[in-house]
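Shared between the two complexes below is subunit A, which pairs with subunit B and subunit C, respectively.
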Partner chain A sequence: MKARRAFDPVLLLAAPALAYMALVFALPVLILIIGSFKGPGGPTTAAYTAFLSDAFNWRVIGNTLRVAALTSLVCLVLGYPTAVALARSRGAVQAGLLIAIILPLSVGVIVKAFAWQIVLRRDGIVSAVLVATGVWDAPQLMLFTEPGLVIGAANVFLPFMILPIYSVLKLIDPNLQASAATLGAPPLYRFFKLALPMAMPGIISGAAIVFSLSAAMYVIPTLLIGDRFQTLATLTARAFLLMRNEQLGSTTATILLVLAVSIVMLSARLVRAAGDSR
Partner chain B sequence: MSKQMLLDVRGAEKAFGGQAVLDGVDLAVRKGEFVSLLGPSGCGKTTLLRIVAGLLGADRGQVLLDGADITGMPTHKRGVGVVFQSYALFPHLSVSDNVAFGLRAQGQPAGSIRQTVARFLDLVHLGGMASRSVRGLSGGQQQRVAVARALAVAPKLLLLDEPFSALDRKLRETMQIELKHLLREIGITTILVTHDQEEALVMSDRIAVMNKGAIEQFAAPDDIYHRPRTPFALGFVGHSTRLDGSARDTDQGVLAVDTAAGPVRAPGSFVPGSPVLLAVRPERISIGAGLANPAVNSIRATLSDIVFQGSKVHLHLAARGGGPVLVETNRVPDGLAIGDETALNWPVADTLLFPRETA
Partner chain C sequence: MADLLLPHMNRRAFLAGSAALSAGLAAPAILRAQTKELVVGAASSQKTWSEEIMIPAFEKKHGVKVIFEGTRSLVNLEKMQKNKGSQYLSVVQMDDPVMIIAVAEGLLDPITAARVPSSASLKPGVTHMDGMWVNYLQPWVGIAYNKEKVPTAPTSWTEIFDPKYKGRIILPSLQNTEGVLNLFTAAHLKTGKPMADAQLDLDAGFAKMAELKPNVLMSYTQEGQAYNLLEQGEAYMVMGAISSVALARKSKGAPIELAAPREGTFSMPSGIALVKGGPQPELAAAYIDMLLSPEIQQKVAQATFSLPTNGTVAAPAGLADLKIHPVNWAEVSKNRAAWVSRWDRELSL
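Take a look at the complex of A and B:
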């Protein structure tokens, strides 16, 4: 059925960006990857075996994946309802919501980090609310903890979850829900059999973006938690900046890259599968 | 209210942002009846439909279905099916999964779902397309899926929201007849919302003509055509020639009216001097001078255009005094050419009489 199409010259418009990315991204990454396989007597995987045979490093990989997964989850739980509201709203309300979602992106992470320190410290708002609602018995420090890190990361990455879901939802005919209701489907059934499957491509791409961003984040964990909590990204930075161990840095960077690329490719497949069944 | 009423809407009111869209509407539909809500956009017909389906809450008024008050009942418990203008098919599901959606939501056993789906797909002539994706379907096929899906859950009442407007003219006419027969066969009570008078005339047992949030007339199609109760109903259903006039005197139930085209008589009565509107349907008017018969009206007019309509011919004329006149005949009378002045006549009994709003 598929006919081979003649080359479309409009595609050449992507050439400058491709050349740019090849030069400033693909090439350095390639050099980095090659560096991780360098050994005194030729190419070797010794750096990987050494890295992966250390239990501490497995904890680092675990930290990375767990924080990224939790951040994605928090963003999804907060972002999906927001995207639904955004898609339903009109006019000034919609504009206001969009500004509220996008504007924080223009505030640097450093500025945010100082704000979080106010929120997350022992006498901060989070602690006060949790004590007041009876969740905690006494005020606690949220700063320098993993939940504090997830709260901070979710704060930065939330727009990257909301916007892809919103872009899918806004194309859905609002009469689909009405139609399902007239067929006798109760609200929960409509949510699981209609709303969720239809939003799935947006959810998957939002989750993939937030997951790869939070797996690779460096500034946020450094500012919110410090040295005692290591992820692949912070370890990579330490290896290059503090330990001057380029081999280790290239190795951890490559592992992070492989993880991130697999996540993106897997989610692309999932999106296509979800799209095919639509 | 008779026990046979399936749907009974009482005093439905709805306003959006202070603007009244429904102004105390009553609508009673008999079991098995096909009713159309006919009116221009903004007349409140879709709002009324959404209130009946529970997709919109009325500000005031009641909705009774089969004798039970369903005013506050959520949509999914009402048993009111809707075919939407956009069809609103579920794009992530196949044709048969679309039809099965409501049955599955109600938790019916898989075996009976399969049978029901197959039966309704056969009814709408889509038997061979069960596993197809709904995305590749033509407009007509999509409409059939939407109809099968709505009927499969056996609703008490079916609502059709401008279901033909996305189809081209030829297909629209075919689908109208086909759907009318299918719904009659099943015996389901149906309300059609449309702005297309021909569609309403083709399909309905009764038509509710709506204007500015109110039902102006609710009657059988030929009643509305031959005996429109308001100038709006007259204008919205079918063509007519209108003459403004002033009431003179009433004699034995016939009112004499002075118009710019001369004296005209109509059944009815008005206080002498009141402003009135007279109207005649185009097929009632004959070319030629009427005999000096008190039961026939006669005016003179100049032929300005001849429009061939296939089985009929429309003659456009200008009455003496300026007003446009429309005559429908089978063929153009011999010797009559554009620019000729001719006499027109029609029975007094066929003259419609309305009060005339004056600015």
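Take a look at the complex of A and C:
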């Protein structure tokens, strides 16, 4: 006989954190969203109409989403193999890898951005290596360009991709791969039909975290690309801090929130649907 | 709108300002009334020279205590607005555009030669709206350049536009006040009109700045980053570098120099005014009188790498011929938001 689904008192353990987040996050976000609909004569969507009817602002939205997508992609390409290696390694090697991934989180974003300023400049090491290996004919500037921004942002957010994938991979029985190989599955088949689908929950959460963080980042673009490249986050900061235009700031912040949340949810659903159809 | 006028705005300054504001508003006026003291509302960036040069000299001469409240222009304005009728500030130092608002709201008393004798020796162009406020200093903007990369000092703003500096020029963002001044310079270069008239032809200013795009390395909001790039040699020049910032770094050993272009330039906002209805009006007038006096002007100008505004004080060596053109701050405060938005569109990557 099936037991009645009673309230599990263990759930109460989440109450302090929920109450805290409701007070310091949900409530302010609600106030922010309400602020974006405030008009002189009652609620209005005028701020959204005005913002979205300006072609330049669509470029800003494009900048935001493109940089966030590229950053997530770079993190995935670099992070997935790292997570595999991390899950496969044991003992001191694993400890060393974990420290190498987690320790950079303790270095502030501003310090990292200033370091990238040295690495990416014309006489910096990236340019020197690319010229020495013949990829570039002459030293070039990566700093204050979109690729430079993506590289810098991927550096900051990489651990947020590796760790969720790793936490999923480490639960997978390593013998599965060997069994599949024994049964005659070729390497590519094993990767697409076995390894990738099993890692997918980790990839989805890693990509969701990195995408959201890089869509909302403010300090990194300010320092690595400057004022000539606006994103929704930099427009929001400027509206509040410089123009004190709270309506504009809450409008851009809400648009950013809605876009980031819906893209993350939609892509997760698409990936899951693709996984189920296989 | 008024908030647009504040240069170097950042979150920390904003928070510090808000904290100072609430502390200031909460302080009961009665506590201050009995002792002989003078409260000066100013900016945090003016604290060093105020506390090292101006305040000791004033306290010694008049036997009073000066309380220096360093915050931001707009917070000072709010303090005056909230305390109208029972002011506790006697003197305010604020950015010129914020002064315009304070005048409109009737918060200031005019500075007259009768009350402030040394104001009679001020240079032309530094007394505003019939003495409602005056400029006590002129930190000027010029071309900061890396001495190794640019061995000969630039003599004209036009040099920044030379194609040989492709990707080597740094501009301040239009969010920074010095960035707005560059637009005026550009309008002058494009039209050949005098700087005063060119300020009103911003179409020309934007068109000229767009010509500079190939040369622009980046546009900064945080000046520390700009000077870092200049000192490392990644950037060769900063257009619209503020004297008090660039020369302070040079004096600490940075391999940079600041050139004063022959077309002349502008000065950054630096106003001082008497608070209407503020306590100790005689002392307040005496404070401004002393700050404008030749002796203090000499010392403060030297310490801040700025030009004195007292006409009897000689400009620092090499700057005697530097022309400082007046800025139409009313026009700036009216149009700043529109200019920032236009800058996004026309100067973006």
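In this text, the second predicted complex is superposed on the first by the 258 of 278 C-alpha atoms of A that agree within 3 Å, B and C clash if a C-alpha of one lies under 4 Å from a C-alpha of the other, contacts with A are read in each partner's own complex, and residues count from 1 in each chain.
Please note the rule applied: contacts are C-beta pairs under 8 Å (C-beta built on N, C-alpha and C of every residue); 3 or more make two chains touch, one makes a residue touch a chain.
All values derive from a computational prediction rather than experimental measurement.
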Quiz prompt | subunit A as common anchor, with subunit B and subunit C clashing or fitting | solution = fit
Quiz item: With the two structures laid over each other on chain A, which partner does A:128 touch: subunit B (first), subunit C (second), both, or neither?
Solution: neither
Practice problem: Mind computing the angle subunit B to subunit A to subunit C from the CA centres, in steps of 10 degrees? | Solution: 150
Practice problem: Go through the superposed model and pick first if A:198 touches only subunit B, second if only subunit C, both, or neither. | Solution: first
Exercise. Would you check which partner chain A:244 touches, where first means subunit B only, second means subunit C only, and both and neither mean what they say?
Key: second
Quiz item: Just subunit B (first), just subunit C (second), both, or neither: which does A:85 touch?
Solution: neither
Quiz item: After lining up the shared chain so the two structures overlap, which partner does A:175 touch, if you call subunit B first and subunit C second: first, second, both or neither?
Solution: first
Practice problem: Identify the partner contact of A:65: answer first if only subunit B is touched, second if only subunit C is, both if each is, neither if none is. | Solution: neither
Quiz item: Is A:189 touching the first partner subunit B, the second partner subunit C, both, or neither of them?
Solution: first
Self-check item: Distance in angstrom between the closest Cα atoms of subunit C and subunit B, superposition on A
Solution: 47
Practice problem: Take the contacts of subunit A with subunit B and those with subunit C, and give the residues found in both. | Solution: none
Quiz item: Residues of subunit A touching subunit C in their complex?
Solution: 56, 59, 114, 117-118, 121-123, 141, 143-146, 222-223, 225-230, 238, 241-245
Self-check item: Touching residues on subunit A, where the partner in the complex is subunit B
Solution: 173, 175-176, 178-187, 189-190, 193-194, 197-198, 274, 277-278
Quiz item: Quick one: in the complex, what on subunit C touches subunit A?
Solution: 3-4, 6, 9-11, 14, 167, 173-175, 216-222, 225, 228-229, 232-234, 337, 340, 344-345, 347-349
Quiz prompt | Parts of subunit B lying in touch with subunit A, wherever the complex brings them together | solution = 53-55, 74-82, 84, 86, 88, 90-92, 101-102, 104-106, 135, 149-150, 153, 155
